Amino acid sequence: EETIKIGILHSLSGTMAISETTLKDVMLMLIEEQNKKGGVLGKKLQPVVVDPASNWPLFAEKARELLTKEKVAATFGCWTSVSRKSVLPVFEEANGILFYPVQYEGEESSKNVFYTGAAPNQQAIPAVDYLMNEEGVQRWVLAGTDYVYPRTTNKILEAYLKSKGVAQEDILINYTPFGHSDWQTIVSEIKKFGSSGKKTAVVSTINGDANVPFYKELGNQGVKATDIPVVAFSVGEEELAGLDTKPLVGHLAAWNYFMSVDNEANKAFIEKWQAFIKNDKRVTNDPMEAHYIGFNMWVKAVEKAGTTEPDAVIDALIGVSVPNLTGGYSTMMPNHHITKPVLIGEIKEDGQFDTVFETPGLLVANEWSPYLEGSKDLIADWRKPLSCGNFNVKTGKCGGGAKASQ
Amino acid sequence: MSALTVSDLDLYYGAAQALKKVSLTAALGKVTCVLGRNGVGKTSLMRAVAGVRPIKAGSITLNGEAIDRLAPHERARRGVAFVPQGREIFPLLTVKENLETGFAPLKRKDRTVPSEIFDLFPVLKSMLGRRGGDLSGGQQQQLAIGRALTTRPKLLILDEPTEGIQPSIIKDIGRAINLLRSRGDMAILLVEQYVEFAHELADEIAVMERGEIVLHGPKSEISEEELRRRVAV
Amino acid sequence: MDQKISPELLYLNDVSVVFDGFRALNSLSLTIGEKEMRAIIGPNGAGKTTMMDVITGKTRPTVGTALFDGGVHDLTKLDEATIAGLGIGRKFQTPTVIENHDVETNVELALKADKGPFAKLFSRRTPQVQERIDEILERVRLKNARHRRAGDLSHGQKQWLEIGMLLAQEPKLLLVDEPAAGMTDAETADTAVLLREIAETRSVVVVEHDMIFVRDLGVKVTVLHEGSVLAEGSLDHVSSNERVIEVYLGR
Amino acid sequence: MTSTRLIDFKGYVFLAVLVAAVVIVPGLNLLLPADNPFHIPNYLVPLLGKYLTYALLALAVDLVWGYCGILSLGHGAFFALGGYAIGMHLMREIGPRGVYANPELPDFMVFLNLKELPVWWWGFDFFPYAALMVLLVPGALAFVFGWFAFRSRVTGVYLSIITQALTFALLLAFFRNDMIMGGNNGLTDFKDIFGIPLQTQGMRASLFALSALALGLGYLLCRYIVTSNFGKVLVAVRDQESRTRFLGYKVENYKLVVWVISAMMAGVAGALYVPQVGIINPGEFSPANSIEAVIWVAVGGRGTLVGAALGAVLVNFAKTWLTGAFPELWLFALGGLFVVVTLFLPKGIMGLIGSMDSVKAWTARRRAVAKPAE
Amino acid sequence: MTLLRILLCLVALAGVARAAEPQAIFDRLASTKYDDIEAGVGDLATSGLPAAADALSAALDGRLLVAPGKPALFKTPMGTTIDVATNAPAAAGADAGLKPVRVNNRIRRAVATAIGTLTLMSPDASARLRAAESVFRGRDPETLPALDKALAAEKDERVLAAMRRAKAAITLTTDAPEADKVAAVALVAERGDQDGLVLLRGLSETAPEAVKSAAASAIQAIETRQAMLARVQDVAYGVSLGSVLLLAAVGLAITFGVMGVINMAHGEMVMLGAYTTYLVQDLLRTFAPGLMEGSLAIAVPAAFLVAGAVGVAIERLVIRHLYGRPLETLLATFGISLMLQQAVRSIFGPSNREVSTPDWLSGSLDLFGLTLTWNRVAIVLFALAVFFALQLVLKKTTLGLQVRAVTQNRRMASSMGIRTDRIDALTFGLGSGVAGMAGVALSQIDNVSPNLGQGYIIDSFMVVVFGGVGNLWGTLVGALTIGVANKLLEPFAGAVLGKIILLVLIILFIQKRPRGLFALKGRFVDA
């Protein structure tokens, strides 16, 4: 019996396994479910799981294996930006399809990648707006892990805050290494910075393992959300599940999905997930939703194209609209990013988020940030005849050889 | 009555045979002295008896009990004490601690360092707090003997105990061995190169050549002359 | 310091070594002339080995001078390899050989030659070298053991190997710490012969506790005690010294 | 004891296998049609090439560890530096084809708002300069580090740990965007070298062949070193460092020479690795990577050269295969392999090849352990 | 849904005309706009309704239920439903269609201030103190009458002082006479802490000169004090970090430092300890929730036993075959480490497990303005206790002597009658067990995940080696030195650069002392 292979490229071991294993499971669930519905184009889907082990070159190797040896029709994978950067040339060379489910720094648009996570404007900027408007925040700590995603996001935020009239001395930027575990100094610095008399908030792009000790330290040093709220972009339900959330009530996160969102689609999704994973305590989170959306988009596009042939599917994906789990529809835009609502939630005692703000409509991703010098003139549009991921509207040229259609 | 009986011992280092059908006895209250040129297998024999080197064939019994299957610490518990060639002091333990390692096979109430050790080797007393590894060669040798005596052995194995020791203390060691022998509760197995010393102390003499015992008997039957001839180059 | 300020080969003056308050050497002064052989005796712990440590650069004296080759070289400022390069060879009290090399290679490594890394990188064993090795192995009676791993030798064999290595170095000054330990009486006598031969062309310092051996050497004897010289002279002379009998020889 | 001939039997077999690989792998890949059962699929060529560069790194580690007793837990640093040197060249080769289409600056610099190329990037557009840097940068770092460490007589675990500290410090430093070395993402999205796209099969085959050649030459160099008199001194240093000094050898100089050579070999390995995997990032500096390299050597057999190379290939092949075939269980398998090798193959895989008695040796040892302590 | 929104907006708009009618207040509270809700909270506080205080605190926990046009109800913690307007139990089913009042941080702050005002007269002195504190933070002039009343009635000195400062804080926001304000500045400055600073720094530009200059000098004084405290605080942080390092490393100081096993699985022993803590808490939660506060006291011995048992098993199965081949222990333990990680991942899943902090370890201790969190203090004490206990075992017991003898010369030790295999197993078990105990402590400040151990292994080796292998004191001093140095560097260089500098310093230091801080000296060292 002929099957269609789907690659799942998420770390099951190493430092990223904490986050990525869940995504592998959610993909298995989605595929199983689709197969129950009869598969796609009358063929069953067959997941091909590999473990790139949180090792970036290994991601490239495994991607190549999936594409050329397993000949998968589409791949769902990666979490960190560096892993995506590592596999990008492979997907472009082999003309594969990658669905990338995590919020990232933008500044990229590839013909072969579909970005179902948030671009900075779909997460960071609305969060800052909320704090400014709702909480009257005037002073900002931008704390992040020292790598590209936080650095970029903070750069965009810095430019944005300044455009809103925030003075340089009211912005404190702080970077820490991956896996940083001793937060005493930084938390006390934050407290000090917050004692200027102006309302202060922390915008956290701290990633991965470092979050748990960071929040534990916040709780212990008594930094309350009512005094100095922390809004995070990489802390979701999954991360909170490993934390005692009592002292953290009121701190915030900005995402495009919360498990607590109240609607039928989400309820069904959660039920299915907990049944699939055989644990009624397991939570759902934003990147899971991103894969849910991405997978459904792919299914729809394949059905529209009538084939899994990459070029046809890539073309067919643009404009595909599927329900998201927050009660609306997300659409794949010509820049290969999707439209998303932005939700701001406060941490509750049970480890869930209480949505305190939601953008009225869906936002389209700015893959090229208007706040950055080099990229403000670029746009991505993969529809013919432009077919370009980095079209410069000033010069009227499509930059970057491999990025342009070949 | 022999405390130690070794019979038909074979011992190998890899493919090389170091002991060939070696048999030997050592009796309580007697000094059994093993002589032989360099590399003939004296040390190998002592190691086999102490248990630090596995044997290929043969048997070793101590007071009638087979000990050749036992680990060295179990032999120590049965009264075997070993003063190895090269001293093997615990370098980072102090002199006192080195001596106290000999407590392991003893009952709690017996766990004291016999004062005769300090009578014999007064230098040890003055250096109790110094680390064993810092001692001079001769001091280490004295410590090694003292350490063995701490275990109150029934069989004392001395592999070239006079090596590197100053003449006056060699004499003391000779006197000590005489004293231990005269108590009659200990068998002493002594490897010596120093013929004069050996002949003076020994009750029984065994001479080795290329892994074999070629001469074995009471001292009275072996003259110092013959001995010298046997171990000459 | 080009000028030889002293005719002596080795010149130790007022050398003290203190370990955590313990004086292992105490204002020791000693000189060894060219082609002189000297026997050094003394109680265990007198400082004989420590003295060799000072001469070979293993231990830095707390105070004192140690000069070599008529005062040209200040041994207290040089490292072990340089001192060895100057021509001071040493046999250790407990035999130390390169366990994982075979007997031949041990001798080869000791041979007098340019010992810089680049010289060694571009050299291999030549027939002349092989000849020299054979010669030495012959002398120390290890020819049959030439391909054995040095670590597998018996204690006495290692002693001989070390002596062989010392010969190979062709040093100006040989420091020999207890060469007879663990040797049979006959071998001990043979060692004495060997050392006397060597002393015809070089200087030798021998430490031993075997009085018969020391007598065989027939040279001037220095008695160390508690880190300094207690007596000096012929063996008969020193062995009649009451203090020497008391602290060392015994009655 | 190592045999003293420059190339012994194992060496001939090893070199023959390499030569065969150079002919067969590109040949079967390029000449046979894809549906031929003997066709070597495209993805395999860079993969095998990668193994060979790891093998070269393993040789470098074995040279210092196996023969001189320097357990380096930081050789990944030299590997990564070699990789960065070539990566910088490849970045410059991209020219105006970057996403921001800046003819002068690589994308990440545009993004960091740089206006001109930092000084330390100068010259990397010129291949011979980059190639020189592949040797010089790791070599110079090794020289400076070794100069101080060996002169101060830092040995054993102390040396191991400071090599680890070195690579860890470099890891953190390269993470920083302020280094202008691409930060956490590193250097990637390479296009071509000498104007030939990296992605063509011909290029891949050439890189593979070049890796095999480098490995062969690296092997011969190591053999030359260890069979020379220099090599004998190294072993003496490894086993009895202090004794060796008393024989008149300036141990620190020996260590320094072999250390620098080894670092340069690692640099070359890194330089060949980068174009084949397509990315170099600070992760290569992570201490775990360096430890892994040591593990390959141990698995293959320390102090055997061929074994080190074999270990690198086998462990990485196992990793490739297991992460695909048993994504959830492969750590058990790999971890188990390491334990089994140490217990049953004390001299690594080469020990097994060297003497088939190792099972006997094992039982003998077990008995020795069970009974008298040895 | 949109219809509902429009409706709600209309209701909210209607409520703008400020009415103290209870229903109008409830309608405001039922709004979706935080502005309205905040106003509603203020109104409720001043409404004089007897249930106001209870209703407000219920709002914080989502127990205050409202709907436009309906009477507001709140649930007591016992579960009975009370009508806010009447403060009497509500009819059954009255809560149908009601929803909890929406709260965010802003509302929480408003509620806290409001409750503060309402509890200023509470009979409980500590409640009044808290109330004064929240009035201080809220600085709402509308609370002034209530505050004045409370001040008049207050007897307790501490509460009185707090209330005076609260009043001063409010005074500074009003247009009170200059002299009053200057006096107020002095009162606020009394606090000497960051809250005081917040207030003084926040004084508006338009404040009279005299007030401004008084504030400026008060700020100056507080800042000087704070700067000094900051250095002390850095050292305290350093000691705390150092103790974490010490705990992580001390087990390794045994398995590696004393036994010479290059134990790459050490981190996994720490991890096992952390997971044991999780399991203990999980079991207690289901079977004996009453003991939760004591969970750590149970976890410490449990972790010791679990990790120790695993250590003994590893030693018996693997390590014992490797004595005399120290380098190969690296390979074997690396393999074991991979397997243990994967085993834990398979059993407990890859994500973090929640380990809760008992109340007695939460929060912080304020020592002359120095903030020391309780769990950090506890870790410092725990680390020292573990250290000295170990020191005692190794130095004062036969076991300790035998361990050292065995590791220095295994064969000779056996000849002396020491049961080397037992000692080996016990020692490795001891080192592993201690690592397990470290895991209990680390579970309080770090992730409990399969990767936990990996985060500490490099630092642990660094500490042991830096301190000098084989010397426990070295490990202690090494850990504290690295910790303090790290924390002194961090404020200047940042966490990343600080760490780089520290690593370079360690490399340089080893050049000076090639055998670590507490080097073994003596002739045997390289004999």
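The letters A, B, C, D and E name the chains in turn, as written, and every chain counts its residues from 1.
In this text, a contact is a pair of C-beta atoms (placed from the backbone, for glycine too) under 8 Å apart; a residue touches a chain by one contact, two chains touch by 3 or more.
Note that the structure is predicted; figures quoted are calculated from it, not measured.
A.B. asks: Per the definition at the top, count C-beta pairs in contact and tell me whether D-E or B-E has more.
C.D. replies: D-E is joined by more C-beta pairs in contact.
A.B. asks: If I average the CA coordinates per chain, which chain comes out farthest from chain C?
C.D. replies: In terms of C-alpha centroids, the chain at the greatest distance from chain C is A.
A.B. asks: Going by CA means, which chain is nearest the middle of everything shown?
C.D. replies: Measuring from the global C-alpha mean, the nearest chain centre belongs to D.
A.B. asks: Rounded to the nearest whole Å, what is the centre-to-centre distance of chain B and chain E, using the mean of the C-alpha atoms as each centre?
C.D. replies: Distance between chain centres, rounded to whole Å: 63 Å.
A.B. asks: What's the distance between the Cα centroids of chain B and chain C, rounded to whole Å?
C.D. replies: Between these chains, centre-to-centre, one finds 29 Å.
A.B. asks: Just how far, in Å, is the C-alpha centre of chain C from the one of chain A?
C.D. replies: 74
A.B. asks: What whole-Å value do you get for the distance between chain B and chain D if each is reduced to the mean of its CA atoms?
C.D. replies: Centre separation, chain B to chain D: 52 Å.
A.B. asks: Give the residues of chain C touching no fewer than two other chains, as numbers and ranges.
C.D. replies: If we look for residues of chain C contacting two or more partner chains, we find 19, 94, 96.
A.B. asks: Provide the list of chain A residues touching at least two other chains, using ranges where the numbers run on.
C.D. replies: 12-13, 146, 177
A.B. asks: When you check chain B against every other chain, which residues touch at least two of them?
C.D. replies: If we look for residues of chain B contacting two or more partner chains, we find 51-52, 71-73, 134.
A.B. asks: What residues of chain C sit close enough to touch chain B in their complex?
C.D. replies: 19, 22, 42-46, 48-49, 93-94, 141, 152-157, 159-160, 178, 181-187, 190, 209-211, 247-251
A.B. asks: Can you name the residues of chain E that touch chain D in the complex?
C.D. replies: Residues of chain E touching chain D: 262, 264, 318, 320-322, 324-325, 327-332, 334-339, 341-343, 346, 410-411, 413-414, 420, 454, 458, 461-462, 465-466, 469, 496-497, 499-500, 503-504, 506-507, 510-512, 514-516, 526-527.
A.B. asks: Given the complex with chain D, which residues does chain C contribute to the contact?
C.D. replies: Residues of chain C touching chain D: 56, 58, 79-82, 84-85, 90, 92, 96-102, 105, 108-110, 115-118, 120-125, 149, 165, 169.
A.B. asks: Contact residues on chain B for chain E in the complex?
C.D. replies: Against chain E, chain B makes touches at 50-52, 71-73, 76-77, 80-82, 84, 88, 90-93, 97, 100-106, 131-134, 147, 151.
A.B. asks: If you look only at chain D, which of its residues touch chain C in the complex?
C.D. replies: Checking each residue of chain D against chain C gives 1, 4, 225, 227-230, 232-233, 235-236, 238-240, 242-251, 253-254, 257.
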